[in-house]
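Got a structure here, written out as structure tokens. Questions coming.
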């Protein structure tokens, strides 16, 4: 049922405009119980725009923020290939990682060293990517399963994980990781009788 | 910079309207690098509305969906107090829980039994709640730390957790849980030298 | 695909607003190849409205024009029942009728006299009513079949007719009638061999 | 008084846009008693448009429907010149004609044969063309007078006719014809004393 | 030609809304060469409004500013009647008056004393009132002629004057006065031969 | 708080559009107590526009009116340099000047002659320029101080003046001048004891 009209200064790329209308449709439908068919969003590019005493015309707009999901995917891809230089391009100053057990790290190289004490190799299979849009910050969760090889050479797979990424200004400023690796090695649970 | 205008049939509660404009502002700012001060959203209630050959006037609108974060908070509160009847009111048909180790359950009572094999008591301290609006589905993540008592009576606290809730139509249809309980009991990691 | 927003001064009745959005959807779809599902029309009631140096607020609006189709139906109903007084209420000054053979009349009573020379009785079965909206003027066509009794007492039925009504300001100012009565009596066509 | 704003995807031709605003003005004025001077309609081309989960940008729009009046005029012109091949281009599958006496035909050639039994020649003088916009269907009526020559070589003129055309998707799917030819030959009416 | 749509939170009085649409029509016509008939302005009251992270609903709006022309008229009326207490209610803190010769005063009583050295009595006939809207500040000019009695008892009339008032927040913070009193007493001009 | 949207036919120059949004922001803030940060104005160029039965598309618009302040500045500049030919280009037919003492003139040359009887030379220092937008007419006031030389060769400076200009269609049709020259020569005021 909702009709959402967005007025922007001209110049945002078609990809960004498509992302914007898609975000807004989704955000509205989290409140208003409307079907996709009943949800209309469109963008009008204003030919002149004035706010706060400043007048903008076409092309004066800042570039759109990158797609947070894409940023996370490219970061994870680079980390998976141990291309830390490429990975670092996606990081904000003050970047921080929190790993299972509450281990806090700030350098990707540090992470590599830490991982060497836990498994020989690991690979993530992504099942879901969720984005939480919060204004200044966008939070991206990705979850799925881990596959790899323990330090003793035995293999594992299907172990659940979830990563939380906090992005500001299109850069990742915090990664937090949870997974069932410890559970897989030594379940907390008492065996059912 | 964006000005977002929403046209709705009349009758949505002020709380829902406030939630809607807040969602839309956040969703837009995940694409357009605009400040809060530069982001304007408003709702116009159409006096008559026609789409798909049907004409609506005030009061014909369906009620708004409940706030997904609030649903999750109330569900967790009820579960924490072992008030399963209250908790079940927030569940969709086919509700499913996935717990560490990939344990799948469908009944809250089942969960209580399972938990008895892992710890004497547990309490969640919530630090963050993130909502991902996806149209049909809203995903809510809440994360924080666990405090409780192991089966041997010893205490624990500050153990990280994250829950993922999938809601459709204002009801929870899936909960997935990750935490560091196993890591806390038996870290995967080789002690650093 | 079109989204049509109408701004009106407040005060038009819900029926008139529903008629307006329905008209506009139909009119737009005569140009833009959009489905009903893809056609959205809504009305916003302006709280204050200024044009041509005059400022209107709610309730200052003139009443809506009556539905031209309804006017025609009520006129024909009254004429059918020979209730000329009721029928005359729907007529504009200068009302004129044109009947088969180009016979022009101005009075309903005159029509009754003329008809007496053609048939004993007649009744219209309406199949279709089409409205052409032209701004100052709305033209209504209704067509269907005639049933009745000739002067010689023999019956007829299924004879095609069409009436054209020209309305201005909600009143009928001209009626024009075509039908196959003469054709039924004495076909122009040479019998096919 | 009404201000009507239409949002379209870009790419509709100026002629179609002009036709659209003209239709909408006329359609609105059939409900709201506004003068031409008080009726404003404008089209905004959205730079991005999303409905029903699909996102359109400029140029993705389907072409506008042809002007139904123009289709009818060109069809009648071709038929008048016995250029049936040209005329057929304007016909929808399942095209059907209904002529005085309720004669139903499906082929233009059939019509030519039928006419030969009625008159030597005929020509239409168009006085009025009315369009009824109904969404899927647009109905066009044209009326005026017939001029020609009877089978016996004598001439006729000023004989009233009206044609009803039903168009869908810019093609004619039904033509219905009424006229006073039979009345002219043999009036139903008893001579007035 | 311009259509100007204003979105406000609900609650502004009809008088203020009428003033707003009138101001906007005038302001637009100072740039766009449109007639009154071609200038449309309307106000939509948003049912919910969010900017800068704050959400407003009806009735949260601040009251409108008073009409600057009316403020000036009431101030001048009170001063003319030597009702300084009433006049002071229209003054902003730091109010300042500048009179012919560049005389600066801050108290209305001071003005009265100063005037006693110039004339026995004076009365203003207002011919024109012009408002310059500048955002924070509105400047009002009123001009006309002075009538009164010199200190020697002789009368004067038709002497031109203009007052400039600077208002902020609906209060007068500066008055500046020019007139031809000195010119009337002792023209600068050399008598024409 | 106000969001002001203006729909124009395309083709107004960016300078004119910037002027328009600035005027509208100022005009609105004279009624609604909104900050600059809370005032948003934007222009949408309609791709097709219909009013009063006429349909406009891009480029059909009349050129914008010139900035009244700029017209006055250029006129005063030309007059100051005694370039009466340039100055006259800014004048409307029927132009009239009113000078101190109520002296009315119609020709710039006449003004030059009149001034010769009052001072040897004069120069204006502009401090403020106020524009009052009134629809057909824009009134511009400029005020500041005069500097020059009396007929006896002695100098003066800091003498207050204000000019009122009435513009229609971008041309000056009336100038009215007030200043303290007479006051400076022969104050009305009794010396304070």
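Read from first to last, the chains carry the letters A, B, C, D, E and F; within each, the first residue is number 1.
We take it that a residue touches a chain if its C-beta (ideal position, glycine included) is under 8 Å from a C-beta of that chain, and two chains touch if they have at least 3 such contacts.
The model shown is predicted, which means the values in this text are computed figures rather than measured ones.
K.L.:
If you check the contacts of chain B and chain D, which chains show up for both?
P.N.:
Looking at chain D and chain B together, the chains touching each of them are A, C, E, F.
K.L.:
Averaging each chain's C-alpha atoms to get its centre, pick out the one most distant from chain D.
P.N.:
E
K.L.:
Can you tell me which chain lies farthest from chain B, using the average of the Cα atoms as each chain's centre?
P.N.:
It is F whose centre lies farthest from that of chain B.
K.L.:
Between A-C and C-E, which chain pair is linked by the larger number of C-beta contacts?
P.N.:
Result: the pair with more contacts is C-E.
K.L.:
Could you tell me which of A-B, B-E or B-F has an interface matching B-C, in the sense that over half of the contact pairs are shared by residue number?
P.N.:
Comparing residue numbers across A-B, B-E or B-F, the repeat of B-C turns out to be B-E.
K.L.:
Which is it for copies chain B and chain E: same residues on both faces, with over half shared, or different residues?
P.N.:
Under half shared, hence different.
K.L.:
If you fit chain B onto chain F using the CA atoms, what's the rotation angle, as a multiple of 5 degrees?
P.N.:
180
K.L.:
Averaging only over C-alpha atoms, locate the centres of chain A and chain F and give their separation in whole Å.
P.N.:
57
K.L.:
Round to the nearest whole Å and give the separation of the Cα centres of chain D and chain E.
P.N.:
So the centre of chain D lies 61 Å away from the centre of chain E.
K.L.:
Starting from the mean Cα coordinates of chain C and chain D, work out the distance between those two points in Å.
P.N.:
Taking the average C-alpha coordinate of chain C and of chain D, the gap between them is 17 Å.
K.L.:
By the touch rule stated above, which residues of chain B touch at least two different other chains?
P.N.:
Chain B, residues with two or more chain partners: 3, 5, 7-8, 20, 25, 36-37, 40, 42, 44, 49, 51-52.
K.L.:
Taking the top-of-page definition of touch, could you list the pairs of chains it picks out?
P.N.:
Applying the touch rule to all chain pairs gives A-B, A-C, A-D, A-F, B-C, B-E, B-F, C-D, C-E, D-E, D-F, E-F.
K.L.:
Report the residues of chain B in contact with chain A in the complex, numbered from low to high.
P.N.:
Within the complex, chain B touches chain A at residues 1-9, 12, 16, 19-20, 23-33, 36-38, 49, 51-52, 56, 61-65, 68, 98, 100-103, 114, 117-119, 130-136, 138-139, 141, 143, 151, 158-162, 164, 169, 176, 178-190, 192.
K.L.:
If we count contacts the way the header does, which residues on chain E are in touch with chain D in the complex?
P.N.:
Touching chain D from chain E are residues 3, 5, 37, 40, 42.
K.L.:
Going by the contact rule at the top, pick out the chain E residues touching chain B in the complex.
P.N.:
7, 44, 46-53, 55, 57
K.L.:
Taking the complex as given, what residues does chain C use to touch chain B?
P.N.:
The contact residues of chain C facing chain B are 5, 8, 10, 14, 17-18, 20-22, 25, 36-37, 39-45.
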